[in-house]
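Note that the chains take the letters A, B, C and D in the order they are written out, and that residue 1 is the start of every chain.
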Amino acid sequence: MEPDRWVHRDPADSAWFDSSAKDATSLRVVVDHHAPSGMGSATFEVSLMDARRSIVIRCEGSAGDGIISLGKVLARAAARAGYHVVTLASFLAEVRGGQSSLQLKIGVGNVLSPGDDPEVLVALNEQGVREVASHVTAAGLVLGPPMNGSTPAMAEGVRVLPIDYDALSTEATGGTRSKNIVAVGVLAALIGLDEEVVRKVVAELFGKRAADAEAANVRACDAGAKAAAASEIGDAFRLPKSDGVGKLLLSGNQAVALGAVAGGVRFYAGYPITPATEIMEEIADLLPRVGGRMLQVEDEIASLGMCIGASYGGVPSMTATSGPGLSLMVELIGLAGISETPLVIVDVQRAGPSTGMPTKDGQADLDLAVYGTHGEVPRVVLAAQTVADCFSQTVAAANLAHEYQVPALLLTSMSLSHSLQTVEVPDLAALKVYQETFYAGPADGEFVRFQPTEDGRPSRRSKPGTPGGIYRTGGLEHNDRGHPSFDPDQRREMVRRRKLRSQALVVASDAAIEPHSLVLGSHRVGVTSWGRAAAIAREVVTELRQEGQDIGYLFPHVVWPLPKATIRRFLASGLRTLVVCEANENQQFANLLRANFATELGRAGIEVVTVNKDDGNPFGPGEIREALRPWLSDGTATTLGEVGPKHPLDSAALPS
Amino acid sequence: MEPDRWVHRDPADSAWFDSSAKDATSLRVVVDHHAPSGMGSATFEVSLMDARRSIVIRCEGSAGDGIISLGKVLARAAARAGYHVVTLASFLAEVRGGQSSLQLKIGVGNVLSPGDDPEVLVALNEQGVREVASHVTAAGLVLGPPMNGSTPAMAEGVRVLPIDYDALSTEATGGTRSKNIVAVGVLAALIGLDEEVVRKVVAELFGKRAADAEAANVRACDAGAKAAAASEIGDAFRLPKSDGVGKLLLSGNQAVALGAVAGGVRFYAGYPITPATEIMEEIADLLPRVGGRMLQVEDEIASLGMCIGASYGGVPSMTATSGPGLSLMVELIGLAGISETPLVIVDVQRAGPSTGMPTKDGQADLDLAVYGTHGEVPRVVLAAQTVADCFSQTVAAANLAHEYQVPALLLTSMSLSHSLQTVEVPDLAALKVYQETFYAGPADGEFVRFQPTEDGRPSRRSKPGTPGGIYRTGGLEHNDRGHPSFDPDQRREMVRRRKLRSQALVVASDAAIEPHSLVLGSHRVGVTSWGRAAAIAREVVTELRQEGQDIGYLFPHVVWPLPKATIRRFLASGLRTLVVCEANENQQFANLLRANFATELGRAGIEVVTVNKDDGNPFGPGEIREALRPWLSDGTATTLGEVGPKHPLDSAALPS
Amino acid sequence: MGNVTDAGTETKRAGFRSKNRPTWCPGCGDFGVLGALDRALTQLGVAPHDVAIVAGIGCSSRFPFFMDTYGFHSAHGRGLAVATGLKAARPNLTVVATGGDGDALAIGGNHFFHTMRRNVDLTYILMDNQIYGMTKGQTAPTSRRGLKTKSTPRGNIEEPVNPAWAALTAGATFVAQGTSFDMNSLAEMLLAGLRHRGMSFVNVLSPCVTFHREADKQYFKDLSSPLPEGHDPTSYPAALRLLDESGDQHPLGIIYQERDGRAPYGDDVDALLDHPTNERAVLEQLLRRYF
Amino acid sequence: MGNVTDAGTETKRAGFRSKNRPTWCPGCGDFGVLGALDRALTQLGVAPHDVAIVAGIGCSSRFPFFMDTYGFHSAHGRGLAVATGLKAARPNLTVVATGGDGDALAIGGNHFFHTMRRNVDLTYILMDNQIYGMTKGQTAPTSRRGLKTKSTPRGNIEEPVNPAWAALTAGATFVAQGTSFDMNSLAEMLLAGLRHRGMSFVNVLSPCVTFHREADKQYFKDLSSPLPEGHDPTSYPAALRLLDESGDQHPLGIIYQERDGRAPYGDDVDALLDHPTNERAVLEQLLRRYF
C-alpha cells in the first residue's frame, strides 16, 4: 500500500506547515481558527534557522522566596506578549527539603514541554546555584546571588552574572521581599519582553493588595531590568518576535473548568481530591455565574449519581476526580452507559496504585477508564496532552457525550493540572458546542426512548416535565421503551445497539484526529503516545524531523475507541517499528493497540517498542529523545536498515 | 519449531488417557488422585464404542410440580451411584410463564455440559410435551402424561411412553403430590441406577419431614420403576456401569463455600447479591464450625475493607459478590495490591452491564477483574469452568493469594453458581493448602516488611500481636519498612517489585496448567476459552477429536496473568487458526491474548476467530460445535487446507 | 418477586399507575404503597409528566416502573443521590424517591444520612419489610436482633436500625411512619410529605410475604401504635423523645414536621445562581481572568 | 501538611511514639491528640505490639505512622471497615481508629453509622478541624453554615454534622468530646474509651492552622463548654437532651457511656464459633452433607 503524504500541522497547537518543506529555512505559519478549540488566527513567518526559538529558564530559591510568583509573573507577561509558555513546578523540589523550584520554557510556537536542562538559571539563594548550575547547558547563563562559597563546575561557555537581588529589592522597595520581582525584571529584559507588558502584569498582581505595593514592585522590576541592561549579556538570550497575539495562561485544572463552562456543562457534583480539586473549586466559582449548579457532596459515588440524575433531567453534567475517585465511580459508569445518559468524567491522574503518591505524576488510569465497570458499555475516553487540550478536550468530551449519549471520560494528569501553559484565547463564537435536541411533546409524535437505529446513533431523550414524553429507564436490560426485559432476542438487540454505538464512536474517534497529531509517510519508525507524554514526544519528534530524521507520528486525543482508520493508515504507511511512550509500567496504551490491531501489526510485521516511566515525574524531552536514538539515522543515510536493536528502555510487556 | 506431542487428560476432570490412542476402541481411565482438588482415585475401562456413555434428560412440569426436586433427587442418586451429572435449570423456563424446566446430563466421565436437545423428555404436564417433544433427538423417548390433545411432530424413531403420574402417585401415596418422585423412579429404572441408592436418596429427602412421607415417596418411586420395567423400552437408555465411586452433588456456590473452608479461609465479610448470595449463606453456616468468622456487612466496600483488615491481622480472608459489587471493590483492590495483603474475591458473573439481567448468565467481568483499579497492581485472576473447579479453584485462589501476597480473584458465573454438578469427593489429606509463614518475633531477626527480592516473591508478614514485628503499611507508596516515600528511586524500586511479582505470577500461571486443559499437536486449529464456556468447548472438542478431527486446545484456569510459556507453545504448535469462545460481546479474553501475544500471533500468522454470545443464556455444546464447523475436515482429509472461510459468528473485535 | 421480566404484561392504567402490572408477589405490602402514592399524587393535583420517581435496587425499588411518571431505576443504594441531582438540576419537578430497608440503610446509608441532613426537597418512601426481599431473604439493617435468616443462621447479632429515628436525627424536616395495609392514612401522610418543602421521609412497614413470613401484617400491627395523644409534631424534642421512648414500637403518623423551617437545599443552591441575559459575554469575561 | 514524604526524618521515640517525625504542620492540633493517645495507651498498660491503629486518608489519618504500634493507613473513608475486620479477626488486639471529619462523615459516613450501631469494640478518634486539611481547605461536613472556602466561595449551604450527635444517635455506647489543646482531659477520655468494652467514640476539636485559620484554638474554645453540672453520662436520654440543647456548642467530657450495656459486636461474633479439636474431621463431615 502506497503511503500517503499529508500536509500536516506544526506541533504547536495552532500552526500549520507543509511537511514537504523539511529543508526550508523559513515557514509561513498560519494560526488556524478552525481548530476545535476555536482559537484565534494569525499568520506570520518564522525562521527555522534562528539560533533561538525558545528558552528554558529554571528558577530556584528557598521556600519563602516567592519562586512560584516569579514564575507566574514571568509566564503571564510572556503569554500576554504573545509567546508560548510551559511551566513545571514542584516535581523538581520534592526531595530537596526547603528548596522551591520552577522551570519555564518560553518560545514562539512549538512549546510543548518545560524543557530539560535549563539554559538560564535564576537562583535567589546560593543553594540553587550550588545544586543546579552544573546542569545549565553550554553557553548558558547563571543569574545567582553574590556567592560566599565557590560556584560548582559548569558546562562550557556558561556565564555567571551575579545579581544582588536583596540589595536591589531593598533599594527599590525598602525590603528584600520583592527580590523575586527583581528577578522577573532581569529575565524579562534578557529575553526581550515588552517592558510595558511586564510592568502591567506586576502592577496587576500587587495592585490587588495595595497601591503602594504595586508601585514598589514595579520599581523592583525596573531595577532588575536595569541590572540586566547594564550587564554584558546582550542579545544572546533574546527571543524572536512573537506572533503578538496575547494568550491566556492557565493551569490544566483551570482549563478544564473553563472548558466545561464553555462546553455547555451546567451541573457539577464533586468531592475534593488531589490533584483534581481545583477543577471543583474553579467550577464552584464559575458555574453559578452562568446559571449552572455546583454541589460538593459526600463522596465520588454520590458525585456521579447526582450527575446521572441531573443529566436524566436534561442538564449537561460533569464531575472530576483522580484515580481513587474514578475507581469508586465505575459501578455507575455502567449505569450511565446502559441508560444512555450522557455525562463527562474528568480524571486527573496521579501516581497510583491506591493512595500511591497523590502529588506525583502518572498515566496509569487508562485501563480503568476503558474497561472499568462490570459488563460492557460504550464509552469514549479522551486524553489531554497540553493545557490547551484541557480546555478543548473538555469541550470535545461534552460534545461526544451528548451526541452519542455515552459517558465521556477525559484523562489529564498531575503534570498538566498543576502546571501553567499558554492557551490561545478561544473564539467562543466559533466554538462548536453540541446542542442536544429533546423530544418536544405530543406534536412530535409518540415518544420511544430507545428507538432502534442502524447507524449506532442514539435516539432523542425527553426532558422530565415534557408532556407525552414520560418514560422510565435505569440499570436493567430493557426494551425500546426502557422497560425491563430479559428476553434473549431483546437482549441481543440491545447488545447490538451498544455495539453499534461503539462502532459509531470509532468513526467519531477517526474524525477527531487533528492534523497536527498525525504525520504519515514512508517512515520506518513511527511514534505514538497519549496524554502529557504525547506532548513531549510531539516536541521531540518535531525537532528530530527538523533535523532530517525520518519519523512518522500519531498522537490521538480520543484514545478509546481507537481511531481505527487512522491507525490502520498509520500502520500501513511503511512502519517497521512503532514506539509507544507512556508514563506507566504496564504499557496500557501499547496493549490497547496490540489488542485492537493485532492483525495489522502482524501482517506488516511491525515491532512494538515501548518506552515507559513510572517514577512519579513526568517525561522530559531528553528521556524520549534518548529512547528514540537507536532508531534514528546517523544523519547521512536517509533511511534506516532493518529494525534497530531493542532499546534498553523497552520493558517487555508485563506480565507476558 | 517442532510441535510437542503431550500425553493429555480426558476432559472429565479426573480422568487421563493417551491422546495417541485416538483410534482405540477402549481406554484405560485412571482417576487421578494427584489432581489439585485432591480427588479420590479409581481405574476402570470404558468402551469408546459403547452406543451410549451419557444421556440427556429434560424434565418439564408446571411451577408446582416439583421439577427442581425431581432433578435434584435423580441427580443425587446418579451421583451417589458414581455417575457424572450436570444440570441446568431456569434458563429454559424464563420466557415460558408458569412452566418449570430442568435438564440433566448423566454419564460416565466426560460430562461437562447439560447437553443440547434431550434424548429423554419427562413431562409431568401436557404443556411440556407440546412444547418440548419436537426437540427430542431421533430414537429418543417421551415420557408424558396421558394426553388429551395430540402430540406434536417428532424426530424419527422417538417413542412415546405415556405414564399416568397422577394415578401412580395417588395409588402409592394417596395424593398426586409425589408424581415427581414417580418420574424419578421411571427415569432411574430406565438408565439403570441402583434401586437401593435411589430409594435411599428419596428416603433421605423426605425422611427429614416425616417417616410416613418417607415411606410414601419410596413407594411412589418404586411405582415409577415398576412402570418403566413393564414398558418395552428395555436397555436403550441404560447407562454403562459407572466407576462406582460416589460423588458429591453441589451447586457452584456451595462448591465455592466449601472450597473456601477447605482452602483455609477463616474470615468472610459479604453483602447479598444475585447470583452470589448463596456463597455467603453457605459460609455463614460453615465457617463458624471451624472457628472462622463471617460477617454480613453494609456493602461491598465494607466487605473488602473488612477482609483487608482481617488479612492484615493474619487471617485468610475472602468475600464474594457479582459484577456490581466487584465494581465497588476496585478501589480497595488497589489497596490490597500495594500493601501486599492477600485475599480472595469471588465474582459470580451475571449478565451486565449495571443491574443488567441479574438472573442471567454472562462472562463479561474479565476486563474488570484484570484491569479494575486505578494504577497498577499485581493480582491473579482465576476462572472456574465446572462446579468441581468452583471448589478446587477457590482453594487455588487462596493458595496463590497467600503465596504471592496479592488479591486473587475467582470468576464463576450464574450458570455455574446455580446448577448442580457432580464433584469427586476431595481427599482432604492430599489437598494442598498454602500455609503462610509469619515473622516469629525478635529471635527471627529484625523485621523488614517489604524486603527486596529478586525472584518476585513476597517477604514475610508479621501478625499484629507479634513482639518485634511492629510495622505500618497502607495505600501510600512506601519504602521497605512500609513508611511513605515518594522518592523517585524508591518508587522505581517498588514499581519494579510489583512487576517482578507479576512475572512470578506468570510462572505460577504456567505451573497451574492442568494436563487435561491442554492439547498440543500439529493442529491447524486450536480452541481456547475460559470459565463455563471452556467446559462446554472442552466437551465439544473432545468429541470432535474422538471423531478424528485435528484440533488442539487450551483451557486455562488462571486467566491472569496468562500462562506465557504454555500459550507460546500452544501458538507455536502449528496453529493457523485460534478460535476463542466466550459469553460476552467485546472479546475480552481474545483481546487479552492479542495484547499479550501480538508478536507470537503475528509471527506465526495465526488468525484469531472469535465466538461470542451475550444473550443471557450460557453456551450450549451445539452452538460451539456449529461455530467450529468451518474449520473441521470433512472426515476424509486428515489435515485441512489453508485457513477456512470466516465464520458468520466471527464478530469483528469491537470497536476495532 | 413473581416475575421480574414482565415487558409484555400490561394492565389498565388509572391515575398515576402505569400500564405495567407490578411484578411484586401477590400480597406484597408494596402494592399498598403504590396505591397510596397514586392517591396522594392525584390529590396533590400535579401533572404526571411533572413527577419523577427515582429508586435504587430492590423489590420496593421497582416502583418507578409501575407509575406513569418519569422514572429512574438507578443502582443499589444510589437512588437518593440520583434524586438529589435530578431535583437540583430541575427544581420544578416533583421528585419522589423509593427504596427498601437494605437499599436505604445498608449500602445507601451514607446518601440517606446526607440527603436527610441537607434537607433536599424530596419525598422519600422507604418500604421497610425488615428483610432483603429481592435477594430472597437475608437479614437487613432493620431486622430484629436474633432473627434467623439464610445469612444469619445462628441469629442476627445486630441491633436493628430504626429508620424514622435515623431520618429524624440526621436532619430530615418531615418524618412520618405508616403501614402498607392502612392505605388511607398512608396516602394522607404522603400527601403531607409531598406538600412539605424540604426533605420528607415516610417509613412504611410493608410485609414481604414471600421471604419474611414472620413479619406479616399482624407482626407489624403488634409492632406499631398510633401517635400518643397530644404529640406535637412540630416539636423536635418531642419527636426525639417519642422515638427514643418507643423503643422497638413504631409510632404511626406524622412524627415530626419542622414548621417555618430552614429553606430546602434546592432553594439554597438556586439562591447562588446568576441568570445572565448574555451568556457569551459572561464567558468572555470569565476567560479574561486568565489573560 | 508540611512534607508528606518524610521517609528519612527520624526523631527520638518515647512511649508509643514512633521514631517518624509527624509530618503535620507546626501547630496542627493533631499533635495534641498524638500526645494524649500516647499517654492513654501508656496508662492502659498494653504492650505496643498488642495495639493496632487503623486510619483512612487525611492529615489526621497519618496517625498510624507516628505511633510505634502496628498500623494500617487504608483508603479514604474506609478506616472503620478495615478496623472492624481486624478486630473481628483478632479480638485480642487493642484496635484504635483515627480519622478526620471528612474521612469519617463524608465519604466514610456509612461505615461510621454502621460501626457505631454495631458497637464494635474499637476506640475511634475523630480529629474535627471542620475542614478538609489534607486537600488544602475545602468545606467539610462539620464546617459551619455560611463558611466560605475554596469549594464554597459563596458560603457553605449545609447545616454542619455534629459528630458526637451522629455517634450517639447511631448507637455508640461511649461518646466523649475533647480538644487537642487540653491534652490532660483528652488523655483521660481516651483512657476511659480504651477501657470501655464496645464502641468508644471520641470527637476532638483540633485546629487546622494552615487551611482553616478561622477555626483556631480560640474559636474552638468559644465553641465548647464543660459538661453541665450533674450530667449523668450513663443516661441516654440525658445525653440526647444535652447534645440537642447544646446546638452548636460542643460539651466537653464523657457525654455518654452505656453501663452494663450490650455485649460488643466482637463478643457476639465470637459467641457463634465452634473450636473443633479435629478440623479435618469437621471438614469431612461438612463435605458429607453434599453426598
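Convention: a contact is a pair of C-beta atoms (placed from the backbone, for glycine too) under 8 Å apart; a residue touches a chain by one contact, two chains touch by 3 or more.
It should be emphasised that the depicted structure is a prediction, and the values quoted were computed from it without experimental measurement.
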In terms of CA centroids, furthest away from chain D sits chain B
Note to self: most contacts are between A-B
CA centroids of chain B and chain D: separation to the nearest Å works out as 44
So, in whole Å, the Cα centroid of chain A is separated from that of chain D by 40
Distance between the CA centroids of chain A and chain B (whole Å) is 46
Shared-interface residues of chain C (touching two or more other chains) are 4-5, 57, 73, 75, 106-107, 109-110, 113-114, 141, 154, 269, 272
Within chain B, the set of residues that touch 2 or more other chains is 94-95, 288, 298-299, 324, 331, 335, 339, 354-355, 357, 359, 474-476, 486-487
Note: in the complex, chain D contacts chain B through residues 4-7, 18, 20, 47-50, 52, 54-55, 57, 64-65, 68-75, 78, 81-90, 92-93, 110-111, 113-114, 269-270, 272-276, 279-280, 282-284, 286-287, 290-291
Touching chain A in the complex, chain B uses residues 94-95, 322-324, 326-328, 330-331, 334-335, 337-339, 347, 349, 351-357, 359-360, 362, 364-365, 367-368, 370-377, 474-477, 486-489, 491-492, 495, 498-499, 502-503, 505-506, 561-562, 564, 567, 584-586, 591-592, 594-599, 601-603, 605, 608, 614-617, 651, 653-656
The answer for chain D against chain C in the complex is residues 107, 109-110, 113-114, 117-119, 141, 154, 157-159, 161, 165-166, 169-171, 236-237, 240-241, 244, 262, 265, 268-269, 272
Contacts from chain B onto chain C in the complex sit at residues 94-95, 97, 271-274, 277, 280-281, 284-285, 288, 296, 298-300, 324, 354-355, 357-359
Touching chain D in the complex, chain B uses residues 79-80, 246-250, 254, 258, 261-262, 266-267, 269, 286, 288-293, 295, 297-299, 301-302, 305-315, 317, 331-332, 335, 339, 423, 425-426, 428-429, 463-476, 478-479, 483-487, 490
